[in-house]
Every structure is written in structure tokens, then in C-alpha cells.
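Across the two complexes that follow, chain A remains constant while its partner is chain B and subsequently chain C.
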Partner chain A sequence: MKSLTNFMDSFGAILLAIIWIAPLLFAFWAATHSTSDAVNLNLLSPWTLENFRVAWAGAPWLKYFLNTFMLVTIILIGQFFLTTLAGFAFAQLTFRGKDFVFILVLMQLFILPEVLIVENYAMVSRLGLFDTILGVGMPYMASAFGIFLMRQAFKGVPIELHEAARIEGCGLLGILWRVYVPLAKPTYLAYALVSVSTHWNNFLWPLIVTNSPDTRPLTVGLSIFGAPENGVDISIISAATMMSVAPLLIAFLIFQRQFVQAFLRAGIK
Partner chain B sequence: MSTHANLERRRQAIYGWLLLSPALVLLSAFAFYPSIATLWTSLFSRGTRRRPVEYVGFENYSDLFADPTFWLVVKNNLMYAGVTIPVSMGIALAMALWANGKIRARGFVRTAYFTPTVLPMIAAANLWLFFYTPGLGVLDQIGSVFGLPSVNWLGQPETALWAIIIVTIWKEAGFFMIFYLAALQTIPEELKEAADIEGASRWTYTRRIVLPLLMPTTLFIAVNALINSVKLIDHLFILTKGGPSDASKLLLYYIWEMAFAFFDAPSAAAMTVMVIVVLAIIAAIKFSYLDKRTHYQ
Partner chain C sequence: MTTSTFVKLDGIAKRWNGQLGVEGITLDIPEGSFTALLGPSGCGKSTTLRLLAGLELPDEGQILIDGKDVTTSAASDRNLSMVFQSYALFPHLSVAENVMFGLKVRRVPKQERLEKLHRALEITGLLGYEGRKPGELSGGQRQRVALARAIVAGQRLCLMDEPLSNLDAKLRNAVRKDIKKLQRDLGITVVYVTHDQTEAMSMADTVVLMKDGHIQQVGSPEDLYSRPNNTFVAEFVGAPPMALIESTALEGFGDDKTVGIRAENIQIVPAGTGRMRCKVNESEFLGAETLIGLDHDGTSGLCVLQPGLSLMPEGDEVEINFDDGNLHVFDDAGKRLAG
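Presenting the complex of A and B:
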């Protein structure tokens, strides 16, 4: 009886896993076969890399990759800088008005940047940042989520270390840099993984703010490449899709444990 | 001594505001000011060449309320939230219970469940396009084996929204599973042993012990899922563009369309204000009520 339920559990779990991974497997299948073989699910048909060649030639992918890479890097640097300073102020300093400002910051957790696209677009244009990578990244740099995360991490640092550094003659910024930042390394790593995977995948805002191949990230490039007006067939779209998800997917498969830990740390704290 | 304490307090205040200022400048530029500007814009008419912009009070709102498309979009979004939230959470719980149990190929199972989470929504939509395309798609191929007629899943009003919903569930469930999995791993082994000694069935153990202990996690996930039901609309751009005849249009997509396709900023602003109000209510409930009620362990 017990072994029967065990078997049923394994069976159900694996069946669901296969269903869950199926879209990706089909896309991989379609990307590596000619369109007619892919559509007919002809299992004995020959494998080919032709679709990747055609897809690669069909759009400035290298530029898109570089743009996405630049974008996630700029956002991450901005986030690290801003959230470290603000998180430290909220965690370790006492001053009037702190609690009020903290509540204002928390409100941004719910008023998503995605919802404010119209006014943010106006703001980015006013600043002369329309169609620049900085313009795409800027609204995300002062992330309330990041500030909250860093505040929690810094609160966990024992006050004795702070005092010891101060007695050694370290200034406030020196203490932040030499004591707090090194101790918060796991939080930085977790935040980096969540931030990079979020912005690597972001679409709506970059779609609005970019207007040329020089700034367009991968997601926007992929959506334009696959648009029905372009009449690209399913195998080539699949090849382009596989290409654009490959870096993040491979990174995920290698660092799976860290990814999962990162999402947990970011979510639960 | 008191002057020293005063000095220290002032020093902390100066440092505090200095450290906060870069973040506050950006938050003001891209969150606070835009929120107020949105409210402001929503109270003015749309300027045309002949008629300048003028204050119209709540006219943009009453126009929206009189617009049947708006109500259809609201209904779609409620449906979207009402189906994706419970179903993806239910699947996430099942996934977590399995991935936490003693099953075969556990590593593969966990990876398979979580993988959709790391894909961009646009890529996910492309993958599913291959399933949904009439005649050529995988679903039609499977259907034709059983002699079923070809169905245009994305092209007919009755199924388009469901096709969108399924992609969202597929994308979300694995992400939510992670949180359930973490919570399951904190449940002490002794509880299971005690339940076994008492002769409780697995169903009783799950329902009476595991589910109550997962309550805080469930609420945390529910709030996230609720926010996602506003936010996750990228796949509409690939799969349906809100069609056919607005059958799969969701609020944020409609806001985008109003502002950037129809250039009707005041209507977009009025809708944005309503979405922000809903999000603020969720925030208020979360911060005031749930955070206090659920941490009873």
C-alpha cells in the first residue's frame, strides 16, 4: 500500500514535470529541425542548425545582447549604490522624519514602476534620456525592495563591530564600507541574481523607452523579430527564442541552488 | 555632555539625509512625482489642436465608466486574477509537496518546475505560440490524433483569455513553489512522527497540520500573485494583442494602448489612478492586517 502511494506520487510528480518542461522541449525540437519536420513531429527527421543561422542573420542579436548586458549592469550598479546608502541610513541612524520617509519608500513596493509608464515616459523624455539605456534603467535604480532588503541585512550586523570600528577611528562611511558591506555579501549576491534575472526579462518599459537597435534589449528585439508582420516561421522564431534565453537558462542550470536561495532570501525577508 | 549628545544627534541627522538623498531624488522623479502627475493629468481634457487642455473634473472617469470596453477589460482582469491566483497557488503547493517528498528523479522534477520562472514572458509567449497556432500547433496535432477539429485558440473570443491565463499559470507556479518548499522544510519532523503514531492519515496530516503551518506563506504568495495579476501582461503583445475584439485585453495593456497607440493620456491616467487605488488598498491590508495576524507560530 505504502509503495503504491509512493509510486503514484513519483508518477504524478514526474508527469507534471514533463508537462511543465514540454513547451521548452518543443521549442528546442522546432529550433533544431526544418519547419515541416517540426510541425509534423517527425521523430526520425534530421537535425539542423540552419534555423539558428537564419535567425542570427535576421536581426542585430549581438547588439541586443550587449544592450541587455549593459542595461542589467547599469541597473545593478545604481541599485547597489543607492540601496546601500539608503538601507544603512534606515538601519543604523536615528533622525527625525526617518519613519515617515520609510513608509513613503515602502509604498513604492506596491505602486509598481510598470503602472506609471505614461508619466515615467514623460519624465525620461524631459531628462533627455529617451532611447538611451540609462533611461531604461533609471526608474529601477532606487528600488524600494532593495532598500528594504539592505536595511534588513544591515540590521543583523552586531553593534559591537560598529563600535569597535568607531573606536579604531573609522568614520561613518568607512564603517559602512569596511564592516557592513562585507558582512552583507550574501544579501548582495541574492539581490544581484534577482535583479539581473528580472531586468534581463523585462519588456514593457524598455519597449516604450527604446526606439532603435542601438538601445533595444533582447526581449524587445525578440518581440519585433517574431511579429507576424515579419512572416517568420515557427522554427526560426523558436531558434531565436532559444538563443535569447540561453545565457540565463544555462546560468540557471549551473547555479540552480544559488538562484533558488536568492529568490528565497529576497522574498522571505 | 549634553552639547556632545546634541552634536551627535545633529551629525546623525545630516548623515541620514545625505545618505538617503540619492535614493529620494530618484524615487521622487520616478514614483512620487509621477503618481501625483497622473492624478493631475486625469482631471484635465485631452488637448487637441483646436481645443486647448482644460480642467474637466471627473469627466475622464465618467467617460471611462460609460465605455463598454473598459468594463470588458475590468471583467477580463478580474477573471485573470480569479483564475490565475488560486490555480497557480494550488499547483505550486502540489509541486512543493512532491518536490519535498521522497520521490524518484527529484532533482529533475524541481528543475522542471522552476525553469519557466527564469524565462522572459516574451520568450514564454513564443514557446506557447507553437502550441496554440491553428493547424500547425502542438495542441491541434494532438487533437487531430483523436479526430478533433482544428481550434484557433488565440483567435476566438471564447478561448483567447484562457490561453493567456494558462501561460501565466505555467510561468508563476514554479516561482511560488519555491516559497512553499522553503516553508515545508521548516516544519519539524516530529510532527509527522506524532501524526503517524496517532494513526492520522496522510490527508489528515496535510490538512490539519501542514496547511495551517503554511498559512503565512500562502498569504505572502497571494499578495504577490495579486500584484502579478496586474503586472504580467507581456505575453499579450505576442499572443493576442488583447484581441479578438478585446476578449483578452487586460488593464495594464489597455493603459499602454490608450497612452501609446491612441495617444489619449487623460484616459490612461484615469485608469492608472484606479489601478493605483486598488494596489494601495492591497498594500494597506497587507501592512496593517495580514502582517499582524499570520505570524502565530
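Presenting the complex of A and C:
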């Protein structure tokens, strides 16, 4: 009975893994073979990098990469700044209405960003940030999840360290910067990984707010590149897709261990 | 050692939601002295220290340090250092960075910082450990890092909150001597919180015994031991603590008083010549002497010390004697009567 359970556990895990990775493997297969070989799944057909060359020449990818990179960086910086300050306030300061405000922040977790797209669009336009990278990133900066995560991390810091820093002459922001932030490093790392991968892959909002190749991130660029009116060539689209996901995929493979550990260590307290 | 008042607490009170924190704490602490705040847990000794440190603000009263009113000053403006029970070392910083933390915050020039660091590490015997993280040190070494951090800035007042309670017994004895020596050599004023009377009695010039938020007695260790203010002090100080006898059980003391006597002032005498007849209820061999617990109506904690190994079987009857000169007499409220 026990061995059967074990077998089912492993079997289920392997099955899930296969289902999950199958599209990626197919994309890799298609990207490295000519279109007809790819569709026929001819295992002995010759490998080629021609698709990548064609795809690369077909759109301003470098600009798209740069845009996406800028976007995730700006969002991450904004999130670190805002969630650190807000998380610290919720964790260690006392002020009137703190619990009420915190519940408001938590309620934001229940609202899908897509619901707010129209309102966000109007707001970004009013601010004159339409079709700018800052405009794409802005709605995500005050992340409720991030605030909650930082609050939990800061709450885990022993109060004696706070008091010791106070006696040694630190002001409130000094304590935050010298004690709380360094001690929450694993949480920052975990949060950065989630944030970067989320916004690297974000599609709908950037599609709506961006209007030109100068601001378009990879996801939007890729969808335009693969749109039916440009002609569907499965191999070339796969090659473009592989290029788009490559940086994230490679980073994940390299930082796999830290990724998992960061989540274990940043566990909700 | 000068005798001028360095720290002054005047009528300090702190209450939490109507609950008692401390009440009416008035205390003068001379410069260069070693003052121990002693008492059972929950007596308000740590609260008193935190009020002094500026980690809490008092509801009433005034605190003066070096003649300056600091009642509402921030902790960082009080020019003092503190050693925490848990040491409160920053786990992400090395020993050197931990010790220099305050100097860096206060923007002391780098050269001076390094000189002070070297001196503090030299005094505490930590040279060679500069680069280690607190997690890589033993409990005793962490304790010394905390001490080094407390003395590095040269503050004249150092507060210590049960700094030895996380050490094992052997180390505790050694560190106790180190702290005392450090305090004398540097001439700093130390206010030291502890629940361990051995620490308080062996280290302090002045012991402040507290209970339920009130000061019970302030005095030298010898004062507390031989002239306890009240029955609480009598029963708290000393090992074994003073035995208390209701005056009804003794002749010549009326019937509403309590009489105290220390174990070393009681002698076991042959039957028929003693003042009280008691039953042995326990024998405890302590090494150099044997502690014999005695039972008698109207007494608590009555015991006698016998030299060497001299266990007595439980249930034996013995007679004891003592001199009136060694008795401490307390009134019906537990307060010491003159004498």
C-alpha cells in the first residue's frame, strides 16, 4: 500500500512535469528545425539556427529586450522603495487607523489587476504617462503582496535589535536601512524573483498602454511579430518565443537553489 | 570613586492600561558606582532600566543624567550604552562592524573608529575575531562582543539587562569578575538588572531590591543581608534566606510581630537547654556544610547549618538555641523595627 502511494506520488509529479514542460520542449524543437520537419516531428531531420536569424531580423528585438529590462527594473525599484516603507510602517510603527489601512491594503490582493485596467488607463493618461515605460510600470509599484511580505519579514526582526540601534544613536530611517533591510535580504530576493518573472511575462496591460516600438516590451513585440496577419510560420515564431523567454529561463536555472531557498526562508511567519 | 549623584530618578511611575509597571521610584546613583536592580520576575526592575535608557517614557517623575533632565529625551541623546539579555548583536554584521555600529552612526572619523575598536577588542579579549559573524561565536564570545560594543564609545553610563542569564554557570562566574573589573578600570557607572541575588550581592556597591513595582530597600549588599527593611527583603536575600518565626511561637515578643533569624546564628543544643523544639524535615549536603531544614509551628524556612557532612534522619527531634542579639524583629505589617 505504501509503495503504491509512493509510486503514485512520483508518477503524478513526473506527469505534471511532462505536461508543464511539453510546450517548451516543442517550441525548442520547432525553433531548431525547418517548418515542415517541425510539424512532422521527423526526429532524424537536420538541426538549424536559420529560424533564429530570420526571427531576429524580423523585429527590433534588441529594443524590446531593453524595454522589458527597463520595465522590470523600474517596477522592482519602485516596489522595493514603497513596500519597504509601507511594510515597516505596518510592522513597527503605531499610528491611528493602522489596522484599517492595512485591511484596505490586503483587500487589494483580492482585486484582479485586469478589473482596474480602464481606471488605470484613464489615470495614466491624466498623468501624461501614456506610452511610456514608467506608465506601464506605475500601477504595479504599490504592491499589496509586497507590502504584506515586507511587513511579515520586518515583524520577524527581534525587537532588541531595534532597541540596540536606537541606543546606539540611529534614527527611525537609519534603523530601517541599517537593521531591517539587511536582515530581510532573503525576502527581498524572493520578492524580486517573483516580481521580475511576473512583469517580464505581463502582456495585457503593456499591450494597452504602449503604442510604439520605443516602449513596447518583449511580450507585446512577440505577439505582434506572431500575429496571423504577418503570416504564421511555427518555426520562426517558436524561435522568437525561445529568445524572449531565454534570459528568464537561464536565470532561473542558474538561481534555482536560491530561488527555492529564498521562498523557504521568507516563509510567512 | 566620587560620590556626586550622576543619575537621579525622582518619583518615576509607569503604568500600562491601569496595570502597575513601576511606582514612586526615587533613586540616586553616584558616578562610578555599580548599582544592581534586584528582584523577582515582574517586579519592575527591567522597566526601570528601560525608562532610564529611554526605551520607555515615564508617566510621572523626572530622570536626570549628569545633571541634565532627560525625562523625555530620545534614547540616542542620553549618552549611555546598553547590554541586552539576548546581546542584540546584528547578525548580518561582523564583530568589528557590530562594535563600531554606534560610532559609524554618529559619524566618528574612520581613523578614530578603528583605534577605539582596537582598544575595545583588546580589553574584552576579542582581538583576532574582527571578521567573524555573531553566528560563528560561542555564547561567551557573543557576550564579550556585546560588552565591547557597550564600552567602545566611552559612554560614562552603561546599562546591563541580565547580561549573564544566557551563559552556563561556570562561565557566569568568570564573566561576573570580568564585568566588575571592567567597570572599575574604566570608572564607568553601571546599572545592572538581575534576578540572581548572587550576582547582585557579589558585584554591586549598591543593591536596589524591588517588588511589585516598588523599591523595597536600597543599600549595600551587607546592609540588605544584615539589616533587611522588611520581611520580603529578609526572605529574598541570602542563601538560605532568613527564617521567619511568628512572635507567638517565641516568648517575650508579644503576639503581632515576626522574628527573623539567619541559619548561621542558630545552634543545635542538647535536649532541655534550647528555646525551641523542632522536627528535622530535610538534610542537604552542600560540601563544606550540611543544611538541615527544621519544622515548627508558626515558622517558615527555619534551618540550621552544620559543618561538614552531618546528615540527620528526617523526623528526628532537635532543640535549637539562638541569641537575642541576632534576631531581626518586624512589626505586623512586615516592617523592620529599630534595632
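Please note the rule applied: the second predicted complex is superposed on the first by the 238 of 269 C-alpha atoms of A that agree within 3 Å, B and C clash if a C-alpha of one lies under 4 Å from a C-alpha of the other, contacts with A are read in each partner's own complex, and residues count from 1 in each chain.
Basically, a contact is a pair of C-beta atoms (placed from the backbone, for glycine too) under 8 Å apart; a residue touches a chain by one contact, two chains touch by 3 or more.
This is a predicted model, so every value here is computed, not measured.
Look at A:T73: by the touch rule set out above, it reaches neither chain B nor chain C. Once the two complexes are laid over each other on the shared chain, residue contacts for A:I167 go to chain C alone; chain B is not touched. In the superposition on chain A, A:S45 contacts neither chain B nor chain C. In the superposed pair of complexes, A:P158 makes contact with chain C only, with no contact to chain B.
When the shared chain is aligned, no partner comes close enough to touch A:Q258: not chain B, not chain C.
In the superposition on chain A, contact of A:L106 is made with chain B only, not with chain C.
Which of chain B and chain C touches more residues of chain A is settled by the count: it is B. Common to the chain B and chain C interfaces on chain A is no residue. Chain A meets chain B in the complex at residues 5-6, 9-10, 12-14, 16-18, 20-21, 23-24, 26-27, 30, 39, 41, 81-83, 85-86, 88-90, 93-96, 98, 101, 104-123, 127, 138-139, 141-142, 144, 147, 172, 197, 200-204, 207-208, 218-219, 222-223, 226, 234, 237-238, 240-241, 244-245, 248-249, 252-253, 256, 259-260, 263-264, 267-268. By the touch rule above, chain C contacts chain A in their complex via residues 53-55, 74-76, 80-82, 84-86, 88, 90-93, 101-102, 105-106, 149. By the touch criterion stated above, chain A contacts chain C in their complex at residues 158, 160-161, 163-171, 174, 178-179, 182-183, 185.
On chain B, the positions that touch chain A within their shared complex are 9, 12-13, 15-17, 19-20, 22-27, 29-35, 37-38, 41, 91, 94-95, 98-99, 101-105, 108-109, 111-124, 126-131, 133, 136, 138, 141, 170, 173-175, 178-179, 182, 202, 220, 224, 227, 230-231, 233-234, 237-238, 252, 255-256, 259-260, 265, 268-269, 272, 275-276, 279-280, 282-283, 287.
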